[in-house]
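Okay, so here's the structure we're looking at.
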Amino acid sequence: MSGRGCGGNLIIKTVSGFLIPFIQLFALYLAAHGDLGPGGGFQGGTIFAASLILYAIVFGLDEGREKVYEKAAGVMAAAGVLVFGGIGLLCMAAGGSFLQYSALLPGDVKTAYHLGIYGVEIGVGLAVAGALLLLFMKTAGSRDD
Amino acid sequence: MTEHFPALLVILPLLAAVLIPFSPAAVKRSAWHISFASAAASLALAARLAWEAFALGKVSYWFGGWAPPWGIEYSIDPLGALLLLLTAFVTCAALSYSRAAAPAELAAERLPYFYSCMLLFTSGLTGIIITGDIFNLYVFIEIASLAGYALIAAGRRREALVASYNYLILGTIAATFILLGIGYLYMAAGTLNMADLRERLPQVYHTKTVLTGFAFLVVGLSIKTALFPLHIWLPDAYTHAPSPVSALLAATGTKVGIYAMIRVIFTVFKPEFNPSTVPMTVILAGLACAGIIYGALVALAQTNIKRLLAYSSVSQIGYIILGAAISNQTAMTGSLLHIINHALMKASLFMCAGIILMSTGAEKTGDLKGLGRRMPLTMAAFTAAACSLAGLPLTAGFISKWHLALGAVEAGLWLVVPVILAGSLLTAVYFWKIIEPAYFSPAGERRPVRPEAPAGMLAPAVLLAALGVALGLAAHFPALGAGRAAALLLGNP
Amino acid sequence: MTEIITFKPLFAVLASLAAGIMVSLSGGRPALREAWTFAGAAVKFAVIASMLPAVMTGAQLLTPGLTLFPGMELRFRVDALGLIFAGMASFLWILTSVYSVGYVRKLGEEKQTRFFACFALTLSAAAGLAFAANLFTAFIFYELITLATWPLVAHKETKEALSGGRIYLVYLLGTSVTFMLAAILISYNAAGTLDFRPGGIFGAMGPGHKVLLGAAFALFIAGTAKAAIMPFHSWLPAAMVAPTPVSALLHAVAVVKAGVFLILKVVLHVFGTDLLSELGFGPPLAWIAAFTILAASVMALRQDNLKLRLAYSTVSQLSYVVLGAALLSHSSIKGAIFHMAAHAFAKITLFFSAGAIYALERKTKVSELAGIGRRMPLTMTAFSICALSMIGTPPLAGFISKWYIGLGAVEAGQPVFLAVIGASALLNAAYFLPIIYQAFWGGGETAAVESPEKGPLAMLLVIPLLLTAGITLGLFFFPGLLLELAELAAKG
Amino acid sequence: MIELIAGKYNYWIYICLMMIGFYAIIAKGNLIKKIIGINIFQSAVFLFYISISKVRGGTAPILWENAVLYDNPLPHVLILTAIVVSVSTTALALALVIRIRKEFGAMEEDRIAKLRSDGP
């Protein structure tokens, strides 16, 4: 998978290069909007990972960038879980039960839920994107020899 | 802080499992320490929770503060507490055994992932035990199973990969069945909380929907518990997995599967649910009896020690299911006692097999000649554990099988009694095949690399086996605990 | 009935256990090792003897119980029957230890430490069974006897010894696990208790549950393979691969007597003679016993190997005890209990003799024994005395037991069994008398070699067997104490 | 009869799909094709869940003014989780197949069985 990617197909390259930023923007929108509308961290994270995978397929990755990609994916996945777990534990520390957001801001329950869910969505998004990317790298990266 | 223990029990190993593989190399080197610390903490939490559950009858935790049936509820009753304690304890033992065993069977760079999977596995099992939500149960079953597949694939021979793959296929079918069953129950009752299901389902017991859901759940869980004839994944998996994994899987994996089955049959459904078209008790008891005899007979024909132990598991699982199928107070107590007994003893046996493999390279029953003199502690632990599994008096195995047989007599199931006794006898015979050459044959040509395994491996094996004898002598305590759990489960005062 | 709480029975069990542990710890030093065995044997016998006066007054000695879980209790209780069994076994252990020292040294047996340790362990188990206060305790020690004697049977570790050992285990463990455990389960479920009680534990159930109780009784009998009732007798000849002291103490005294002891216990203290005769379970068992007596005697006739002949003789004689128990009358049970002891002393002498012949002359076959009485007069005299006791001729102990069993048959209104006893006596004579005749008067002129019965090691072999032969003789003239105990035991 | 077929068409679809997947799992010798079978098998159950969440005449379960009668959102959430599980399983299975191919040089069941019996 490393090296030249899908070669020199100009159409694919141009269209992908044009689309990828929008895909990523959409992913972020979905992730940020999950608390009230359709969407959420999971969907956002998946689409974000898809954009990166598309990039890797179309433009290819050299050895060095492959390593960086993999590392980044791992860190993203771990960070996502940490954010999720951290918020949960924070709620506990604040006196509620696990993921009981209301404990975070005792005065303003509505805002507390807003913020809490928002944070969790970011965590989930990171974790999902990282994990999917990692899976792609691990399976696609292994060569037969 | 105490009230958060149920959540922490699941989250701690989960977080540790995720963090280990993604952390810097310096942290990775101490992967074992992190895992063991997490497991030890879990044991402490479990002990405290178990104490509370036995004192109060039930400990409940509302996730996110949402009250059930809307939110996910974690609840621990004496039965759960028993399993929780058992799982945490065996995990600790298996991890301390792994410290010396895992590097011998795995490449160094894969160790952090290995420990991570072990933690993930226990996290999943813990979740299965304490969750009060049936969909959550499915998720945790899958978490534990996924970790289990990965752990089995870590075996040192390439056959381990195939064993893991086959287990994965069957396990996924099972999980999908479980998912489907849950869907039907949700359709019929409109809730996922187990306690709530228990209250709401009786109004629709007569519908086919409930019956279908129940059937899918039971069949799916039967695969996970390796109930004969759905056990075919088990022998390969246990044979080729690394020995700490075999120990952990045999001790906790199938046990928690049985626990989930008991939960579904006795907590989600009430005893009144007795589908007239399908004689549940007869089918389960029949399969269990067939499994007892089949497993023992096939074990008798094995020459590979670990495979023999694996088939022995098939047989012993039959005992546990049998008690649940008879489902009177005595038999259920016996079933729970046998869960404890088999978990501890089989873990010890697999550990001993691993020690023997590591020290002598011996895999076959015939290779053990004269080992009793050269590795006295290992073989003593092996023998004690085998005795307990065979149900020798004054061991834990006698207590459990006594209860099972008495339960069968009380229920008037006369035909089951000879099966229980004959199974015991066959167990003694196939273990005899290993023990006799070890003690009563001149030494074979295989010389151990060193006279005994490192203390880190030996200690848990000996401790577990000794516990089997200790529980047989001080049987009052486990019998009381299991009796209480069984009584609550069956709704007897 | 008075009950005395005491730890003495426990000490009796622990004495030989401690001896066994000390023996295995002092593996390298034979003298020390044997000293432990003797010390253990002496202490054990002393403890058991010290309980005699209390038991003679009709009291029961009781240890505090250790409850494993409700309904399962480890507890010892000493009554007359148990005291006879334990006293006999522990007394003969002393003599056997003397004999064993001579035997294993003479033959230079290997792994003597394991040998003596397992011996001690077996004696512990036998005492535990003798003093068991309930079926659970009895079952544990019954199984322990099997497991502790197995290394002794397979002692030589040859292929033959190992396969003999396997047969031994399969028969004894197999029957006890499948049948006896099932019987215990049924009894517990039916009676709610496992305690041995004079008169039985099924009190309230009565004859209404004939099928259930019949199944339990049949399972008990089938489960007690140590009593070697046909068809569960094959383990006994197979176990003859063991060294002779093992055959002597274990397969003439401790193991086989454990079997008949348990049957007596079941008849007297689990079912009770009243219930059994009400249900009519006596005659079938009596017929099986009668068949075993005769069939085993016929089989003994066909054996050329001396130990095998003795083994079949044991099978036959054990069934006398079972027959006595099955007749369910007071005299026959008394006779059965007396026979338990009488046969023990006589049979151990016979085995001792066979072992001495093997150790000193290397002869194992009956056909090789011509003229041996002239070379080993002491041994063969003892052999003859005890063979005659087996046949039941006065003035020997065997006569008394057969007298009482015969009396019991008449009492029970089944005089047909008198014929069985008579026929068996004839068969016994047929397989013992030729040996005696050949030993003393058979064979041609043998060169006047020096008697092998000289020298300190040979004395260790000969003295014990002379003593036991003397006791067989003495029991006829002074049966008082034993009969009194048997009387107490038969009364329940 | 028509009622049984047309009225419960969602069940028929899921059962057909499930059996197609099941057939692939059992009958296909190629390990990758088995995984595809597993995926179809699981997807069938996912569809079943989604189909039972539909309320006749209901809207999408989003909070807005006209939302009086809306579909049951819970099965959607459940299936989201189940999909995650399914993806993880697939990933693990693929990783296993890659390693099996490396070790055995084969991806066909019967060839692997043959290689196993020949010994390593």
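We call the chains A, B, C and D, going by the order they appear; numbering starts again at 1 in every chain.
In this section, contacts are C-beta pairs under 8 Å (C-beta built on N, C-alpha and C of every residue); 3 or more make two chains touch, one makes a residue touch a chain.
Remember, it's a predicted structure, so these values are computed and weren't measured experimentally.
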| item | value |
| --- | --- |
| Co-neighbours of chain D and chain A - touch as defined | B |
| Target chain D, source chain C, minimum contact steps | 2 |
| From chain C, the most remote chain by mean C-alpha position | A |
| Central chain (by mean CA position) | B |
| For chain B paired with chain C, centre-to-centre distance based on mean C-alpha positions, whole Å | 45 |
| Whole-Å separation of chain centres (CA-atom averages), chain A against chain C | 81 |
| Rounded Å distance between chain B and chain D, as computed from the means of their C-alpha atoms | 28 |
| Euclidean distance of C-alpha centroids - chain A vs chain B, Å | 36 |
| All pairs of touching chains, each written as two labels joined by a dash | A-B, A-D, B-C, B-D |
| Chain D residues touching chain B - in the complex, by the definition given at the top | 22, 25, 31, 34, 38, 41-42, 45, 48-49, 52, 74-75, 78, 81-82, 85, 88-89, 92-93, 96-97, 99-100, 103-104, 112, 116, 120 |
| Residues of chain B touching chain D in the complex | 135, 138-139, 142, 146, 149-150, 153, 157-159, 161-162, 164-165, 168-169, 172-173, 175-176, 179-180, 183, 186-187, 192 |
| Contact footprint of chain A on chain D as seen in their complex | 60, 62-63, 80, 84, 87, 91, 94-95, 98, 101-102 |
| Residues of chain B touching chain C in the complex | 392-394, 399, 402, 405-406, 409-410, 417-418, 421-422, 424-425, 428-429, 432, 436, 439-442, 472-476, 479-480 |
| Parts of chain A lying in touch with chain B, wherever the complex brings them together | 74-75, 77-78, 81-82, 85, 88-89, 91-92, 96-103 |
